[in-house]
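Should a chain be cited, it is by its letter among A, B, C, D and E, assigned in written order, with residues numbered from 1 in that chain.
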Amino acid sequence: MSTWLAVLAVGLLGSLAAALWRVWHGPGQADRMMAAQLVGTAGVGLLLILWAMGERAALDVALVLALLAALAAVGFVKASSVDGAGDPEEEAPDPSMIKGRRHDP
Amino acid sequence: MTVYAVTGALLVALGLYGLIAARGLLRRVVAFNVVGSGVFLMFGALGWYEGHTDPVPQALIITGIVVALSASALAVGLVVAHARVSGGQVLEDDAP
Amino acid sequence: MTPLIALLALPLAGALMAVAVPHRGARIAGVVVVASAGALIMLVAQWGIPHAAPGGWGAPLGIMLEADGLALAFMAMVLAVMAGVCATAAPMRELPTPFWPLALLAWAALNAIFVSRDLFNLYVGLELLTLAAVALVATGGDKALAAALRYLIFALTGSILYLAGVVLVYSAHGVLDVSLLAATLPAPTDRVAMGLMTAGLLIKTALFPFHVWLPPAHAAAPAPASAMLSALVPKASFVILLRLWFEAMPDAADDRLLTALAVLGALAVGHGGIMALRQTRLKQIIAYSTVAQIGYLFLVFPLAGGDGAAQPWAAGAWTGAVFQALSHGLAKAAMFLCAGLWIIAVGSDRLEDLRGLARGLPMTAMAFALAAITLMGLPPSGGFTAKYLMMTTAFASGQVVWALVLAGGGLLAAAYLYRPMGALFAREIPAFTPVPRYLQAVPLVLALLAVGMGVLSDGLYAFLQLGRPGTAEEGL
Amino acid sequence: MTLDLLRLLLTIALTGAGLVFYVAGTLGLLRFPDTFSRLHALTKADNLGLGLLALGLAFQAPGWAEVAKLALIWLLALLAAGTVAQLVARAALGRGAR
Amino acid sequence: MAVFDLALCTLILLAALAAVAGPGLFRAVVFFVVYGVLIALAWVRLGAPDVALAEAAIGAGLTGVLLLGAVGRLSRAGADEPLTSRIDWPVALAAGLVGAMLVWAVLSLAPGPGLAPAVAEILPQTGVENPVTAVLLNLRAWDTLLESVVLLAALIGLWPLARGGAWQAAAGPVHHALPDGVLAGFGRLLPPVALLVGVYLVWAGAYQPGGAFQGGTVLAAAGVLCVMAGLVRAPGMAAPLWRLALVAGPGLFLALGVAGMAFGGFLLFPTALAKGMILAIEMVLTLSIAVTLALMVLGPPEGGGAQ
């Protein structure tokens, strides 16, 4: 069992490393952010495996990580909205913005 | 677990380089956090003994993490305010 | 509540109250000053070494606090400076409200550092001090932001290096208490640990060549904040250095290393003095003077450390350095508070704008002159006692070169302080906004205290020997 | 005895399947040509991966409290991944990213 | 698992390298967020789950919001990072020297149990069963009291940076979001769960990993999310209640510490009362930490926003 868990852990770490590759190569900010999200999910998976290996408290760590994993991405979408405090969903249907775009060269 | 202690030491070196050599101010804040976590990692790994880590370093590390977070928050606030005023995120070498 | 705990808890409680009731900040600070003075008088009257073990555990599990002569003397100096700062800052409308909680937090951190015997607790205290001090610089407004940032980056580098050293100490010895460390066998990693901690603290103390953050930060802050920053903040990390080298790990001392520290000190005296000569703004001059004055402190390491620690004259050199730190604190606070009042009076700290101001604000000019006497090390000031003690040690131990540094530094100080004095006492009738007399009296009191330290040096000398490491009987 | 064996086999099978989905998601992340298809592959695959992993490990849980925590962790990860995928996609669209 | 540890350490170093020296500020910050996840894993491997919890909550959660928000604000201020690709050799040499000394020191230190046996011995007298909480809230309570004040100092330090000097205004910019959108929905779903988890961490911290700081961070994250989702207005310091929330934790801590003098010493919690006193301090401290952290992450008041 523990051998299998170790194999799983190394495999998941490989998946995590691939996500790091995508964070590096991007190319867009969205790609990097999504890859970071995958690192979070892989991290949660790894914590579950460490829990199964006998580290009892790893489950709570996984809980906290799963709970807060999305926060950085939310921070990202806020920061990349027009005024830095908005929401990408608000901006798409905003008529003034569409009008503004039409006048763009 | 020596590998974690060595990693911590290397993180300290890496972070120190960034903290001193980088010009971008936010980058230096990031580098400071890397040094901090390197020191903590060293501390924790050196306190590891037969499957557990000495609770005293653990407690000190948690205190240290809070202190580092506080410092980072103040630093980020200053960096943003400085950028708003000066339009840049570098310190001009005004000191003679 | 024991007076020792009161000294720690009062500024802390004051800071919390100043956050809860912000518009009463000045009044709260006033109460803290008065109550702390009472506690301090009780402590000094006991004439002993009070200590406390928060939680009742004691080292190594708990933290030990101890108010030896050194700690008490510094806490008294801080109290005097804070009283002056609060008195002058209270009527200043343009100070932002957060000034008060920040000033009280810095005070709490200083007291916590002076009495702490635990290396990690010292780290937390240092960080509290740093954040409060940087924020105090930032109260200077937009023009102070770059200086505050530079200060923060240096200070954070310093504290993280210090912490790395603490980590090595704990990992090697399993204790963090200064007294317990002194009793442990040396470990091979102690050199690295001491090197890291010392390097970190040198950055925080702004010793040459790590001083570049200090003049812009101290000059950019509002004058009451500058007074605290220049007079008090570098002293905290210096006290930790004293604790490390003279109490925790005297065995780690190496003559070459101690000499190197003093060489940096000598360079600081020279560089700070010359830079002070070249400034045109008073606050810049005073700030560079701090760089120079800090340099003197580091002469203590070869004079009283290493082989010198075993010699009878060690007490003289060690006490001399402490005298220097204390008298510089009082004098420097007086100078910055003068500068603040003059900025109120004429709206600038350019030397040409200060011409003839001695006629308008005679008490402040008097205060500045007295403070200058202390910085130059002329009798009968506390600065003179400091230099006298260090010089006699230098001659007694055959390290004449450091005596030359002391003498040369005094001449430089005379040179760079002559310019503002010349401007102040110029025969001109300036136009200025009047400043209330009681405000003018504040820096005068501080400067008189700095001079008084020299006049009453016997009692202070004896007091400082309470709990002095390796106490020697050799007196003045 | 046999029940333990069954649980062990289930754990190995489910966690193995979970790993396969993780790897599939990762491959999608590495190989797919544009942001949106990568995004799509990613959320689907790694959520299933984590779900199978949690399910498999649940058979090793000492009590129901742990099983409940495992379920909660998976639900939170699902919620987070779904939200993040939508928001990040919109942010990318709004900026005219590929 | 040696392979796993080695691989994890390699990834940690690579992520740190990218965060410190990789080109592009945004990428560097994303790498730093990822680095937090990896470090949390390392702490679990080192048998330090209390630290792992703190790192997961901060490194992977709050720091990400803080830094990514800063990247956005900097780029809106037109303050881009200067491009530098060359290596500063003197600094690299100095940093390398420090690193080499540390590696040498780390390798020459023999591992030992440290103070762990001594802590285990007196643990029954501390009122808690988790040794880390015992060290934090009882043995070294003075450190922790000062630390809670450090947090406060950093927040007060942000006040002078408020736009137009209006430090009592609501923290950060005025956040808004589509009322029925995904973000708002997320902001409604997550905080109740986070509230439960946060309280659980504090309460459970007495006998298992967790505690005021970890719980407070989770609560702070919930609060920040509520504000960012446009559901609630960020608190401002004009309201006495919020100012009280900031100081309540350190205030109670200090007050009970001074009250301990009646039992024989500063911050002394007699064994019979220790559990209750520590839990009371932790609960209130959690609240203060949560409010302080949330305000810190939201940033100094920016007035009415850019609109």
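We adopt the following convention: a residue touches a chain if its C-beta (ideal position, glycine included) is under 8 Å from a C-beta of that chain, and two chains touch if they have at least 3 such contacts.
These numbers come from a predicted model, not from an experiment.
Undergrad: Spelling it out: a chain qualifies if it touches chain C and also touches chain D; which chains qualify?
TA: Chains touching both chain C and chain D: E.
Undergrad: Averaging each chain's C-alpha atoms to get its centre, pick out the one most distant from chain D.
TA: Looking at centroid distances, C is the chain farthest away.
Undergrad: Most contacts: which chain pair?
TA: Answer by contact count: the chains B-E.
Undergrad: Using mean CA coordinates as chain centres, what's the gap between chain A and chain D in Å?
TA: 12
Undergrad: Provide the C-alpha centroid distance between chain B and chain C, rounded to the nearest whole angstrom.
TA: 27
Undergrad: Taking the mean of the CA coordinates per chain, how far is chain A from chain B in Å?
TA: The computed centroid separation for chain A versus chain B comes out at 23 Å.
Undergrad: Rounded to a whole Å, what is the gap between the Cα centroids of chain B and chain D?
TA: Whole-Å distance between the two chain centres: 32.
Undergrad: Listing for chain C: what residues touch at least two other chains?
TA: Residues 61, 120, 124, 127, 131, 134-135, 138, 145, 164, 170-171 of chain C touch two or more partner chains.
Undergrad: Would you please write down the residue numbers of chain B that are in contact with two or more other chains?
TA: Residue numbers touching two or more other chains: 12, 16, 20, 42, 46-47, 56-57, 60, 63, 67, 70-71, 74, 78-79, 81, 86.
Undergrad: Which residue numbers or ranges of chain A touch two or more of the other chains?
TA: 19, 29, 33, 35, 40, 60, 63, 67, 69-70, 74, 76-77, 80, 87, 89 - these are the residues of chain A that touch more than one other chain.
Undergrad: Would you mind giving me the full set of chain pairs in touch?
TA: The list of touching pairs comes to A-D, A-E, B-C, B-E, C-E, D-E.
Undergrad: Contact residues on chain A for chain D in the complex?
TA: 1, 4, 8, 11-12, 14-15, 18-19, 21-22, 27-31, 33-35, 37-38, 40-42, 44-45, 48-49, 51-52, 59-60, 62-63, 66-67, 69-70, 73-74, 76-77, 80-81, 87-89, 91-92
Undergrad: Give the list of chain B residues in touch with chain E in this complex.
TA: 1-18, 20-24, 26-27, 29-31, 33-34, 37-38, 40-42, 44-63, 65-67, 69-74, 76-81, 83-84, 86-90
Undergrad: For the complex, give me every residue of chain E touching chain D.
TA: 182-183, 185-186, 189-190, 193
Undergrad: In their complex, what parts of chain E are in touch with chain C?
TA: So the residues of chain E in touch with chain C come to 98, 101-102, 104-105, 108-109, 112, 114-115, 118-119, 122, 138-143, 145-147, 149-150, 152-154, 156-161, 165, 167-168, 237, 240, 243-244, 246-247, 250-251, 254, 257-258, 261, 264-269.
Undergrad: Where on chain B is chain C touching in the complex?
TA: 12, 16, 19-20, 25, 28, 32, 35-36, 39, 42-43, 46-47, 56-57, 60, 63-64, 67, 70-71, 74-75, 78-79, 81-82, 85-86, 91-92, 94-96
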